[in-house]
C-alpha cells in the first residue's frame, strides 16, 4: 500500500512555542470578555458586583488552570531538542483543549450559584469543566511520553531520564486531583469547585520559596 | 511612466513569522467565543449541551483546518531564506482568509442541524466554508510557487527542489479534497461535512508514527 | 525643579516588536467577530450573505489598512538599532490607533448601505474611518522622524539617510490619499469608500513583481 | 513531612516574555470590542458618537495603564538573567490583573456619565478600576523585590543595585498616585477620573525628550 502523503515536518521548535504561547495567552485573556457588567444597578453597583461570586470564582480557577498548563508546557518544550510531525499534531490536540476551556468556564459561570438558589445544572457544569482539565493534564503526559519515546529530548540521556521522572512525579497528582474533583463534582458540585480552587491556590503558591524563606528566617 | 512608490521591503522573516503566528493563534482561539451557553436549561443542562452537536463539529473542523494550515505555513517559511515585498503581500492575503474563517464557521454552526429538522441553509453554509478552505490551500500553493520563482528559498538548490516537490505532493490532495467536499456540499451538505471531518481526523492522526510504532511492535 | 521620575528605558527592540506584532495581529483578527450571521434566513441564506456587501467591503479595507501599516512598521523597526523611552511611548500611541480601528470599521459596517436606501450616517462613518487611517499614517511618519532625530537607526549614516528618504517617499502618498479620501467622504461618502478600496488593492498588488514578471515575459 | 511536588522550573525567560507580551497585547486590544456602535442614529451619527465621552475616556485610561505596565514589565524582565518557579507564579498573578482590567474598564464605561445625569454607581466604578491599577503597580514592585531577593538579576551586583534603586524611585509614585486616585474616586468620582487621565497623559509624554529638545533649541 502506498504511503499516505505525510504532513511536512519541521524540526525547529521556535514556531511551535510561539504559536502555543499565542493560544495560551489568548485563551487566558479571553476569559474576561464574558463577564457581564451589571445593568442599571445605579447606586447598588457595589452589591451587584459582589453578587457575581460564581463568575469571579470560575474566572480565577480557569485562569490558574491555563496558567499552570502553560508553565508545564513551557518546561516540557524547553527540554526538547526538536519536534516532529507527530508532536505537532498531539500539541494541536492539547491546544484544542486549552482554546476550548473558556466555554466550560462560561457554563460554570452561568450555572454555579454559590450560596443562592440552585440552578439545577451545577453537577453537569462542574463535571464538564473538570473533564476538560483532566484531558489537558492527560495530553501533557501523552506529549511527554511521546517526546521520550521518539527521542525528541536532547542527546543527554541523563537529562532525559530526569525529565521523564519529573514529568511522572509532577503531573500524576494533577491528573488524580482533577479526576477526583470531576467525580466529586457530579455528586457534590460545590465540593468539586472547592477542590478546583484548592488546586489553583496550591499550585500558584510558591511553596518552595516560602519554605526557603521560612528556613532562612528560622 | 514613473515607478509607483514601492512598499518598503524587509528581508528578515522573523517578523513575518511572529505576525502570522499571532493571526493563526488568534483565529483558532476565537472560534470558541461564539459557542453559546444554553440559557435556563436547569437540570437539563447535560442534554442541552449534547444537543449542540453541529456547534462542536464545526468547531472541531475549523480548529483542525487552521491548525493544519499553520503547520504547512510553518514548514514553508522555515525553508525560506528571506522574504520580499511580494511575499509579504501574498502572505497577507492568506492571513485574510485565515482570519475570516471564524465567520463561515459560525454560519455553519447556525445552519447545520445534524439529525434535526433542516434549516434550509445547509448547502450554502457547507459550500461557503469549503470555498474558504479551498482558497486557503490554494494561497499556500501560490506562496510556495512564488517563493520558488523569486529564489526566496536557500541557495541550496537541491534542498529547494526537494521543498518544491514536497509542496506539490502534499498540498495538491488538500486542494482536491476541499474542492470535492465543497461541490458535494452543494448537493448533499452532510456528505460535505463528513468529508471535512474525515480530512481533519486524517491529517491530525500521526499516521507515520502509528505505522512506525506498529512495525516496532510487529 | 526636580526631574520627574523617568520611565525606565529599555534598549532591546525585541520586546517592542513582539508586543507590536501582537497588537497588530489581534486587531486585524478581531475584525471578523463583529460580522453577524444572518438569522433565520433558511433557504435564502445565500442572498442574505450576499446582501451584507458593506460588511465585507469594510472588512477588506480595514484588514488591508492594518496589514499595510504592519508592513511599514516592520520595515521601520527592522532598520532601528535600539529604542528609547520616547520611541516606546510614540509607538504606544500608534498602537492605540491600530487597536481602535475595529471600532470605526464597525461604525462603517453599520452605516454604509451600498446600493440600498441611505442610512443618513454615511458621511460621518466614512470620515471617522478615514481620520483614524490618516492619524495612523501620520504617527508612522512621526515615529520615523523621531528615530532619525534621536539617532536610533544604525551608525551607518548612509543607510540612515536612505531610510529617511524612503520613509518620506513612501508614506507621504498614503497620508495624502487618506486625507483626500476623508475629505471626499464628507461630501460623497461612496467616493471615499471607493478610494479606500483602491488604496487597499493598489498597496496589496505586488506592483514591482508584476512588472518584473511582465518584463521577463516580454 | 514530604516535600510537595514542585512545579517544574524553567530558567529561560524567553517564554515568559513571549507569553506575557501576548497577554498584554490581547488585553490592550480587547478593550475596543466593548465599545458599542450607536444604533439607528441616522444623520445624527456624529452627535451620537460624540455623546459617548465616558467610553473614550475609559478606553484611553485603560490603554495607557496597560501600556505603561507593559513598559515597566519589559524593563524589569530585560534586567533578569533567569526566572524561577516563584517568579513565574508571581508573574501569573500580575497577568491575572492585566487580563482582568477590561472588566473594570467596561464597568466604568457603563457607569460614568460625564456631564450627564448621574448613574449613582460612579464611586464604585472609579474605585473598582483604581484598585486593580493599584494592585498591578504593587505586583510589579513585588516582582522586582522577589527577583532581587532571589538573585535573578545578573551577577553584576552594581547593575542589580542600580536596578533596585530605579524600581523604588519609579514605581512608588505610581503606587501612591493610584492609591490616592482610588480613595478620591470614592468621594469625588470625577476627581478620580481626572487623576487617571493626568497619570496617563503624564506617563505617555516623553518628558525627558521634550526637555532635551527644548534645551537644544534654547
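We call the chains A, B, C and D, going by the order they appear; numbering starts again at 1 in every chain.
By our rule, a contact is a pair of C-beta atoms (placed from the backbone, for glycine too) under 8 Å apart; a residue touches a chain by one contact, two chains touch by 3 or more.
Worth saying up front: this structure is predicted, and the values here are computed from it rather than measured.
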| item | value |
| --- | --- |
| Proportion of interface numbers common to chain B and chain C (over half same, under half different) | different |
| Reference chain B; chain at largest CA-centroid distance | D |
| Geometric centre distance via CA averages, chain D-chain A, whole Å | 25 |
| Centre distance in Å when chain A and chain C are each reduced to the mean of their C-alpha atoms | 36 |
| Interface hub residues of chain B, defined as touching at least two other chains | 18, 21-22, 25-26, 30, 33 |
| Complex interface listing, chain A residues touching chain D | 17-18, 21-22, 24-26, 28-33, 35, 37, 39, 41-46, 49, 59-60, 63-64, 67-68, 70-72, 74-78, 166-167, 169-170, 173, 202-209 |
| Residues of chain B defined as touching chain C within the complex | 3-10, 12, 15-16, 18-19, 21-23, 25-27, 30, 33-34, 84-86, 88-90, 92-93, 95-96, 99-100, 102-103, 106-107, 110-111, 119-121, 124-125, 128, 150 |
